[in-house]
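Take a look at the structures below.
Below, chain A partners chain B and then partners chain C, in two separate complexes.
This part shows the complex of A and B:
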């Protein structure tokens, strides 16, 4: 069909245009590079690590960084550099699956609430608010303690809790779009409800959801690391940044190298995601930090 | 001039560095002088750099922009050499800005009194004890009613005009020597606008201030300014007194702007200024206006004209300034398909006693006071019959229910009472969801702002495909062909199919919106303020297009606008609405000449003509009423010719004056 053909051409070139715009911004370039590096390292780390992450050597226990063990060794004499390289695999896998799930279910419910509107929407949103007012860690711990700490529990748990704030965003974006004249115009032409949602609403809400998803991803990574730090995430001896920080914390005064590696790795990934999300928002033209007014 | 002017801008260029490292100049070598007690108007189409120049005059540049060359002096102080703190001390105090949308410039959570006190604390030398007296004094100065009560109100409790007055009062708090006004009346109702302009005029005169007035509205400029600077593509192209520029413009662009404005005293269609101004950074050889100019020759295309002084005193950037009288003038009459002598008599649409209410039924009130029928309906007693091929103009201020009536016809709001009949026989189903497909196709709507009515994520091809697929089931080559032919009918080429709305200019977007409406081959097109978001030159082109499409297809238009001159240019019949009630209806000629309904008189009196010799006639106050009165004449509270209690208690009778000219008023027909 000519119409859809032109449409897809336009949207294809739009995606490329946005990507170009993204990398042309310093924050987008730096952020995206950091994220891509992390993802590549997570994939190839098992093949390039200098030492086995499980290998314990009591002679090396808490030894300083050296030319062989670049970041020294931890309290069990394991190579910190190797463990840091591999410590993001679990986190990236879990959050990489949970983030899209959170955006999809939160986005779906949010759009639905936004479309329903009226009193039902108000009541449901107060339920969401009530839910959001509870500390997240408490809610998550309850579920994890009940169901265990495997990936099969962590992914749905994170996806569920991080989808709730997405409801708010998707609902607000829906409210913004359905008040606009092009939706009225489609309605006045006589288009059906599904057609209006699919063709008029979704393309405009998806931009917001994409940026929201990127932000959620970084928060989810922090949450995952926090769970590991508390001992509810990854089980030893699998390396994980949160767990490594937790383990090395006690020796920080005389062996700080155990903490420095995972801290730098975790923060560089989170900063990278945040920078990318900011640049993406600017490239999509939905930047929340507006220019300074007069 | 012997003394240094109070504000002077000298050879100022402002620009930014693009992503590719090129320097893009937004303002090019502009000079400007304003003396105390003098008011200078800056006019030009959007994107001409007029706002950038006004902000530069207070040493402010939007993010990314920076001065490239030239200087700006305010009372002999070099504004571009000052640091942040020094600028801050001048801005808001000695040099105040009144922005376009003051509703947004007031803090929503602060009471009016607090906001003004804040301004006084920052910009005046008064003791804290004197603040509250001074606040009341300032509010009185801007002629706000009951200032003592007003101080405890929040901005959202005020009307747009009142908010604008508060913004002016805030600007006056620092006893400024100069005012910068950036489209201060755009978006306000005609009567409010006229009152605000009178206020500004008086203030400038009484306080001997220098004023820089930025506007696209030559009517407003003619009311307030002594001098006018016409901007085009970042350059000043004509500088002269208001009288010189508006009555005998010596630049083809200024001439074109003036002829593109619809006037009340004309029955002709305004003339469109074709083409578009060059974008900042676009390579310009020769005169920037050459490709849109009827007088341009080879020299204009290759050589850039300098600003030269004329013997009459103006400065003009044009080689042909002595040939302006050879410019074409508007001559085309609008197509009046429906002349009295060839009436078809077929009714296209019939509104029968339509009432529309936004108020929801409240069971509590129904139980407590069943006798009281709730608040009066937003729109009531509308009975209008529209003939096939006719253009009916609906005019009135904001809140007059014009758009509400259109929405009811389109099926987006259900009337509380009454019927809308198609072809005089089929009653239209109230809700658009329940209407049969054929009725949906027959009625199409064009919205005010194409930025909002075109989905930003759809390319033009998708936008046009929507009606073509929905109503005619077209696909493949047939769809493509139909889309291209629609684009050609709105004078756009096939290469527009791939573009997104963000890649189009305002006028092009509105053409696409028109093409989308006409793709349905409608019988009735509802036009909701379709030109008010556009520049005047573009407005003329859109009006021309609408008129042409109507001639080709015999379409019936219902044309809603707050601009009386625009309505006059395009309409066969005009209905004047106030608070959702009909005041007057008749042929365009009859409505725009005496006798008038008192409200029509107020509206017409407030229209600003781009002519310094025509002063607006301000009759009633610019009070904004939020809801219609429960009984009696809708205009009772503002009417200057009110007869007495009869106006408060009884609906005015419909007085038939001539064939089809009806005025709803208690005043007897021969005294109107």
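This part shows the complex of A and C:
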């Protein structure tokens, strides 16, 4: 842990150091390249896809992969390759906005109540426990069914529910840091409360939050694609991997190629994020495996 | 010790109470109620709406209704579904049994396998068996359940034709009739839980093997295997209790996607169906049951850990 303790000075060069450490690990290198590839693809895919993602051609329905349609066509005769290339855009957009939001609000509340403590903190933790004891899909589906499935509903919903566990992590990290010698040393040196929070507490809690954010991202992506798969996420004809797998599953016995493309795309993105999160945790000296899988 | 036990149980009860409040408040705050849902397009008719709300007692203050609902739930009476006829406890009862069956099957394979693999990978850290198992675990943990389920169906029931890929047994059928249909969903679930528990056990074994007292035992000349079995494993496996508990809670509440993929008639699918139909009384009941299971299982795990760990026991006693 000693390597993770630091002040706010030279944070720029530290970020570069962490990045170098990240890339020097094989898992970090593979993970980061996968994530970067996916993000780049999501941005440029509308300009490079060979076919229009919503163009239906009844002659091609469920046709096999060919030199023109590399991954064949789906049940409406749409090019699976083009749809697979574009299938991550919505997921990356929604989770890419919702993850920082979740970490920021959860982190803020967690640090605040970790510092304040007392009765209020005790009550808040019971409420957090109560929320965590409800299955994620139930909480989310109730809101989605009531308010609709657009991204303007999905982003706040995901950000809200995925911020709740962050409260706990941020609170624990705050307690952990506050009990350390260097905080006492700062107090003894006569630093004010604000200065201690800003210069001693935040930089150290942020490490934990960064790793937490990376993990939240992958879980959120899982949640988003599961919602799409169940028919509560992206609405057709927008291409989305979860929805594509769900659609193609019915024809799997004679047209398995419709499933393979989105399966590989979705899995490689989530594995990439996880490998990056693992390597980031190691680079920052936080043991991720010790955490419960919630 | 008793005081600590009592405090922990009380906290669990408080959590369940807060959950029930959140569930009830959530349903109250959201637009629409049981009557607008029941009447559907007829809800524009004010007379019908008033009559229906009167019939269903929706005009009473929310607190009264909450007290009645919560009071009924304690005695096992969950009220009626939105159609006003079916008893929720009978619908939910069957589904809960099926979910329990699936959870038990998955655990009986997943937990022993996870403990075994966790110990092996922990002891042979960074060697070939560890690298293979850990890589596979990352895949099992990260790939969405519906993806792995779809792939398994593709391979085992479509290409090889070994196992049925879909459950056709009705919700109220006896447990024996779910075989062999239950096998594929069971495999998917046990793979996921196995990966989580294995990683946890692995890191805990590594930590304990590097601890002072294991080194002490080695220095005193205790041979390797007795050290592992007598000194290291008992305390290395202790943290696994909590992860297993979390996994059980997850198995009973969160396996919605797998139940949908395999058409398994468990609690998760009932949850999706009743949310889609906006059958709010059923949704409330499921939420309450799943949350209570979560709290109970975690409570049991904490108590077990406390009982099994003399250090923890005496530490609290001194306080």
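Basically, the second predicted complex is superposed on the first by the 276 of 294 C-alpha atoms of A that agree within 3 Å, B and C clash if a C-alpha of one lies under 4 Å from a C-alpha of the other, contacts with A are read in each partner's own complex, and residues count from 1 in each chain.
In this section, contacts are C-beta pairs under 8 Å (C-beta built on N, C-alpha and C of every residue); 3 or more make two chains touch, one makes a residue touch a chain.
These figures come from a predicted structure and were not determined experimentally.
*Asks:* According to the stated criteria, A:58 is in contact with first (chain B), second (chain C), both, or neither; which is it?
*Replies:* neither
*Asks:* A:200 in the overlay: touching chain B, chain C, both, or neither? Say first, second, both or neither.
*Replies:* Touch status of A:200: first partner only.
*Asks:* Kindly classify A:185 by the partners it touches after superposition: chain B alone (first), chain C alone (second), both, or neither?
*Replies:* Only chain B is touched by A:185; chain C is not.
*Asks:* Just to be sure I read the superposition right, which of the two partners does A:141 touch: chain B = first, chain C = second, or both, or neither?
*Replies:* second
*Asks:* State whether A:131 touches chain B only (first), chain C only (second), both chains, or neither.
*Replies:* After superposing on A, A:131 lies in contact with chain C but is clear of chain B.
*Asks:* Residues of chain A touched by chain B versus by chain C: which partner has the larger set?
*Replies:* Partner touching more chain A residues in the overlay: C.
*Asks:* Can A:67 be said to touch chain B (first), chain C (second), both, or neither?
*Replies:* Neither partner.
*Asks:* Touching chain B and also chain C: which chain A residues?
*Replies:* In chain A, residues 292, 294 are touched by chain B and also by chain C.
*Asks:* Where on chain C is chain A touching in the complex?
*Replies:* Those in contact with chain A are residues 11, 14-15, 18-19, 22-23, 26, 30-32, 138-139, 141-147, 150-151, 153-154, 158, 196, 199-200, 202-204, 242-243, 246-247, 249, 253-254, 256-257, 260-261, 268, 271-272, 275-276, 278, 283, 286-287, 290-291, 294-295.
*Asks:* Once bound in the complex, which stretches of chain B touch chain A?
*Replies:* So the residues of chain B in touch with chain A come to 19, 55, 60, 62-63, 97, 99, 105, 410-412, 432, 435, 437, 440-441, 443-445, 447-449, 452-462, 464-470, 475-477, 479-480, 483, 497-500, 516, 520.
*Asks:* Any idea which chain A residues touch chain C in the complex?
*Replies:* Touch list, chain A to chain C: 126-127, 129-138, 141-142, 145-146, 218, 222, 225-226, 229-230, 242, 245-246, 249, 252-253, 256, 259, 263, 266-267, 270-271, 274-275, 278, 287, 289-290, 292-294.
*Asks:* Quick one: in the complex, what on chain A touches chain B?
*Replies:* Answer in residue numbers: 1-7, 9-11, 14, 24, 180-182, 184-191, 199-200, 203-204, 291-292, 294.
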